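Chain nomenclature is as follows: A, B, C, D and E, assigned in order of appearance, with residue numbering initiated at 1 for each chain independently.
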Amino acid sequence: AKEPLPTVHVTVISSGTVNWELQHLKNMQLDHSNGFNLVIDPVASLSAARIAITSGNADFIVSDWLWVTERNMKGANLRFIPFSQQIGSIIAAKDSKMLNFSDLKGKRVGIAGGPLNKGWVLLRAAAKKEGIDLQNDVKIQFGAPPLLNQALRSGQLDMLATFWHYGARLEAEGYSKLYSLKDVMKGLGLTSDIPMLGYLFNQSFEDQHPTLVAGFYRAVKQAKAQLAIDDEAWTALRPLMKVENDAIYQGLVAGYRAGIPSDITQEQIEDAVNFYQMIDELKPYPSGTQLNPELFYKGL
Amino acid sequence: MFEFHVEGLTLSQRQILSALNIKVNSGETHCLLGPSGSGKTTLLNLMAGLEQENVEAIGGETRRANYWLPHKPEIGYLFQQPRLLPWRTIMQNLLLVEPNEEIVLKLLEEVKLQDYVDYYPSKISLGMARRVALVRCLLLEPELVLMDEPLTSLDLPTAREMRVLIKRLVCDHPTRSMLYVTHDLEEALELSDSVSVLGNSPAQVIYNSRIDAVSRQELEMLLKH
Amino acid sequence: MKSSRLSDQVIALTCLLAGWWLVASFVSSPLLPAPLEVFEALSKEFREQRLVESLLVTLQRVVISFVFAMLLGGIVGVLMGRFRFVNRILDPILIILLNIPALVVIILLYIWFGLVEVAAVAAVIINKLPNVAVTLREGGRMFDHELEEMSVMYKFSVQQKLVHIWWPQLFPYIMIATRSGLALIWKIVLVVELLGRSNGVGFQLHLAFQSFDVATILAYSLAFISVVQLIEWFILQPLDRKASRWQKGSSHV
Amino acid sequence: MKSSRLSDQVIALTCLLAGWWLVASFVSSPLLPAPLEVFEALSKEFREQRLVESLLVTLQRVVISFVFAMLLGGIVGVLMGRFRFVNRILDPILIILLNIPALVVIILLYIWFGLVEVAAVAAVIINKLPNVAVTLREGGRMFDHELEEMSVMYKFSVQQKLVHIWWPQLFPYIMIATRSGLALIWKIVLVVELLGRSNGVGFQLHLAFQSFDVATILAYSLAFISVVQLIEWFILQPLDRKASRWQKGSSHV
Amino acid sequence: MFEFHVEGLTLSQRQILSALNIKVNSGETHCLLGPSGSGKTTLLNLMAGLEQENVEAIGGETRRANYWLPHKPEIGYLFQQPRLLPWRTIMQNLLLVEPNEEIVLKLLEEVKLQDYVDYYPSKISLGMARRVALVRCLLLEPELVLMDEPLTSLDLPTAREMRVLIKRLVCDHPTRSMLYVTHDLEEALELSDSVSVLGNSPAQVIYNSRIDAVSRQELEMLLKH
C-alpha cells in the first residue's frame, strides 16, 4: 500500500481571502500532487489564527510581516512566504473634498485593526515628510472593520483606512479610493511592491520537514497562477465569498489578482527593512530594532 | 366604642374564622382568651389589617369581608414574637418608633433594660427581647392597642411589674382602648373590663361578658374545653 | 393559575415582538432586520444544517463548564462563607480570578495547552468559577445559626444537613448563580469559540459579524435565548415555585 | 486582629507570587513571563504615560456604568421580587437581556448610535443591568414578612424602611451584585473598547494582544486588579464587617 | 449522676456565668429557676456544647473552661424557640429525627396536632409550633434532656396535658434525666426531684435543694429578687 501523505494544517479565517486560495488548491488536488495532504482549520478571527500558530496547532497561517517581526523579537522564530501584496485601502466618505494632507486636519478618520494598520502608517509617514503630524491633527477612531464600514456609510467618518477586501466592498458601493497606497509608497521610496501578507510557519517546522514547506510553497504558487487567469475556478469559489452582487464579486476577484506577489527579491527585502524602520520611527517610543531579512523564506 | 365585624376568614383553603364581632369600649380593656391554635393571633392580624379576605359581592365587585364600626381606629400592635430588627441595637430599634432618646431611656429603665441599650437583639435573652418589644409598643400612642400574649417567657415578679406598667400606661389611660390576648386567667381578670373567649373551629366567640358579670366557674369550664 | 401565568409571559413576548416589528418596519434598514428577516435567516441556517449543529456544540460546552463551575465554585464559596480563615486566605485569589479579563485567561490557556477542547472548557470554568464562589460565599455567610445548632443537637447526618438545612438556605444564591451563570458562561463560550474553535454558535456569530449580517447574528442569539427560556420555564421556574411554597404568602397550607 | 487579617492576605499574595515566579523561571518562555518582566512592562507603560491615562479612562467608564446598572437593575430586580405580576411580565425580557451576547448589544448600539461614548457606556449598562436585576430579585423575594408587617404597624416612613429594613436584607445580594458586577462591567468595558474605542485599558490590551505581549497584557490586568483589590480592602470589606456585627457569632455586644 | 462544672463564661467581653456547678441524678428531674436574663439559656447552651469558652492553662495550652463528670451524657435539647425548618412540613420536620412515621403520628396525636402533619411551620400558631418542637424533642432518647421553658404560650389545659406527657415520657423514665427551665414555680414543684435557682450577675447558683427539703417560702422570696 502507498504511504499516506503527510498532513499540513493551515488555520484560516473562514470568510477570508486565504480560504479561497486554499479551497481552490484543494479542489485541484494541488496538495496531493505536491506531496502533502492539506487540512484547512477554519476559525472566526485573525486572533484565533495567530493563537493557533503560537500554540503549535497550525503549521501555517496568514498574517503580515509586521506581526512576525514583533513575535520574533519576543523569542518566536517564524518565517514568511508571500501571500499577497495588497496593503489596504484608504476610502473617502462620499462627498468629501480632500486633496492633500492638510485637508485632513480635524477630520474624522477610521482605522481598522489598530494603530499598526499599514495604510495608515504609510499615510502618516508621507504626511510627516510634508511636516504634518496626522496622529495629532485628526480625530482617530479605531474599531472593528465591519463597524467602521458602517460608520463611514452613516456619515460618522470622513476617511477610512481599512483592509482591502472591506475596501473593495465600499468601492463596489460607489465610494472612491482617497489615495493610491502604491503611489504613497513610491513617494516614500518604497518602489518594489513589498508583499505584506504571507504564509507563516515556524523555523522548526522547516527544520523537520523541509520538503513539506517547499511543497506547500509550490502548491500555493500553482494555485495563484491558476486563479490569476481562470474565471471558471472563481465561479466554484463564489459561495465562499459571501457576495451580495456582481460588482462586489468582480471587485474581490480583481483585488485578489492585483495582490498576487512575485518571488521575493532582494530589493523587496530592503524595502521591507526600510518600511519597518519608518514604522518604528513613527511610534512615540521607537524601539530602534531592525527587521531581520532572514524572515523571508527563500526556499526553492 | 370600636366594633370589628368579620364575615369569615379562609386561609390556604381552610376556614379559620367564622362570622364574629368584637367590641371594645373607648378607654377600656378587652381580654381575649382561647386555646392554642384557636385563631386569636389571626383575628388580631385581621384587625390590624395585615391579613384580609375579599368576598365577591353582588354585581361582581369585591369588597373586604371585614370592617370596623364606626371607623378603623389607629392601632398599635404588640406581636406574639418580638420582631426586633436584628441588625439594629435595642436603642436604635426603639428610636425608630420614638425619636426622643430620653423618653425611650425612661421606659427602658422601667423594664430594667437600661444597661442593654447598645446590645444587638441576638445578644439578649428571649424575655429581654419581649420586654423591648413591649417598650416599643408602649412608645406608640394609638387609639387601640392590640397585645398578643405580652408576658409569656417572663418570670413571675418581672411579669407582675410589666403588668403594672401596662396597666398604668394603657388601661388607666382615659381614651386608650386595648385588646389583650392571654392564656392567663388571673391576668385577664386583673386587667380587663370585659372578656371574651374564642373557641370551636372555625373560630367563634363562645363567651363574652363584662368583667363584673363574669362567672369565673363558667370561664374555667370553657377554657378546659 | 398555571395557564394564566404562561399566557402573561406569552403576551409580554408578543408585545415585544410587535414593538420590534413596528420599529424595524419604520426604520427599514438591513441593520435592524424585522422579525421576519431574522426568522428567514434562522430557517436558512437550519436548512443548511449549521444551526442545530452549532447550537449542540455550544450547548455541550456550556453544560460541561456550568456543571464544573457550579460544583467547584459552590464548594469553595460556601467554605469561604463559613470559615473566616479560608476566606482570608482565598479572598485575594478570588479577586484576581474574578477580575482577570476573560480574554487573558482564554489566550493564556490556548497558548499554553494548545487549541484543544479542554483548554476551551477550562477557560470558561476559570472565568465563571469565581462568580459562583462570590455568590455562594454570601449564602454561606447568611446561614442560620439557630438551625445549625438545632441540627447538631438532633444529630442530623451530613446528608440530612445538606438536603434539609444548607440547600434550602443556599437556594436563592444558587438560583442567582445559575441564572447569571448560564448567561455568563454562554457569553464566554462565544469568545472562546471566536478565538480558537472551528464550530459552535460563537464561530457562526463572528462570521456573520464579519459580513455584517445582523439578521443572522440575531437569529443565532435568539436560538440560544430560546433554549435558555425553555430551561427557565421547565426547570428553573418550577424549582422557584417549589421553593417558595413554604413562605408565608403562599396559598399552600 | 486587624493587622493579622491583613497580614494573612499579604502572606497569601506572596505565596501566589512566589509560585508564579517559580513556575515562570522553570518554564522560561516569553509566553509565561516572570513577575519581574511583568513589573518591567508595567513600569514601561507607566513611563510612557499610557498606564495611568488608560486606567483612568477605563475606570471612568466602569464607574458610570456601574452606578447606572446598579440603580436601575436594583430597582427593577427588587420590584420583580416583590410583585409577582411585575415578575411575570418582565421575566422573558430579563432572560433575553441576560442572554443576548455582549457582542450583539455592542454592535447594535454602535451601529445605531455610532462609535460614540454614549453607545459604549449604554452597551455596558445593558449588559450588566439584567445581572443586577436577577440578583436583587432573589433578594426581594426573600424579604422577611414579619419585619415588613412590623414596619407597617409601627408606621415606618419609606425612608426608614429603606434604610433599616430593606437595605440590611438586600445587603448580601447587593454585595454579590457589586463584586461580580465590578468584574463583569470591567470585562465588558474591555470588549467595548476593543471593538470601537481608541483609548482605555481594553484598547491597550488589544494592542499588546496583537503582538502577543503577555507581559504587558498581565501588567494591565494586574493594574486593574490592584484597583479592585483596593476597593475591596477599603470599601467592601469594611462594609462586610460592619454588616456582620449584629450576627450571633460576632464579638460585638 | 451527671455533674457539670463551669469555671465561668464570658461572651462579648461580658461575664455571664461565674463559677458554678449543676448536678442531675440519673433518672431524676432537676428544675432550674431564675429571673429573665439571668443566664439559664446560656447555661443550657453551654451544657449542650453549643457555646464554649477556652481558658489558657499553665503552659500556654488552652482547655475548655467547663467539663462534665463523670462523662458528657448524650443530650437532647428543647430550645426556647421552636426552631423548626420553615421549608419542611411538620411531618417532614419530625421524620428527620425519627424516620418511623407511626411513632411520629402517635406522638403528634398526643399533642393534638394529627390534623396538621402537612402544614408548613409558617402556617401554624406559635403554641402549635412549640408543641411540634416538644414532640421532636420527645422523639429522641437521650440520657439527659434539656428543656428551656417548653410550656409557655400554651393555654392552661393544653399546658397541663403537655406536662403530663413530659412526666410520662421523661420524668417517669427510669434512666432518663432532665434539666428543666421554667418560670412557673408550680410546674417546678410538680415535675422535679430537685430545684436550683440562678441569680446575680454574673450568674451563680443561689439556691439548690432536693424537692423534699425545699422551703417554698424561701424560694418565693428568692424569686421575687
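Here, a residue touches a chain if its C-beta (ideal position, glycine included) is under 8 Å from a C-beta of that chain, and two chains touch if they have at least 3 such contacts.
Keep in mind that what you see is a predicted model, and the values were worked out from it rather than measured.
Note on connectivity: the fewest chain-to-chain touch steps from subunit C to subunit D number 1. Taking the CA centroid of subunit B as reference, the farthest chain centroid is that of A.
Averaging Cα atoms per chain gives one point for each, and the point farthest from that of subunit E is the centre of A. Per-chain CA centroids place subunit C at a distance of 48 Å from subunit E. As a whole-number value, the distance joining the C-alpha centres of subunit B and subunit E reads 28 Å.
We define each chain's centre as the mean of its Cα atoms; on that basis subunit A and subunit C are separated by 39 Å. Chain centres here are Cα averages; for subunit A and subunit E they lie 83 Å apart.
The multi-chain contact residues of subunit D, meaning those touching 2 or more other chains, are 31, 107, 111, 146, 209, 212, 247-248, 252-253. Among all residues of subunit A, those that touch two or more other chains are 47, 54, 144, 150. Residue positions 12, 81, 123 of subunit E each touch two or more of the other chains.
Those residues of subunit B lying in contact with subunit E across their complex are 11-12, 33-37, 41-42, 80-81, 123-128, 131, 149, 152-159, 183-185, 223-225. Of all residues in subunit D, those touching subunit C in their complex are 5, 8-9, 12-13, 16, 31-32, 85, 88-93, 95-96, 98-104, 107-108, 111-112, 130-131, 134-135, 138-139, 141-142, 145-146, 172-173, 175-176, 179-180, 182-184, 186-187, 190, 205, 209, 212, 214, 217-218, 221, 224-225, 228-229, 232, 244, 247-249. Contacts from subunit B toward subunit D in the complex involve residues 45, 48, 50, 75-77, 79, 81, 83, 85-88, 92, 96-97, 118-123, 136, 140. Those residues of subunit D that touch subunit B in the complex are listed here as 146-147, 149-150, 152-154, 156, 160, 164-165, 168, 243, 245-248, 252-253. Contact residues of subunit D toward subunit A in the complex are 29-31, 48, 107, 110-111, 114-115, 195-198, 203, 206-207, 209-213.
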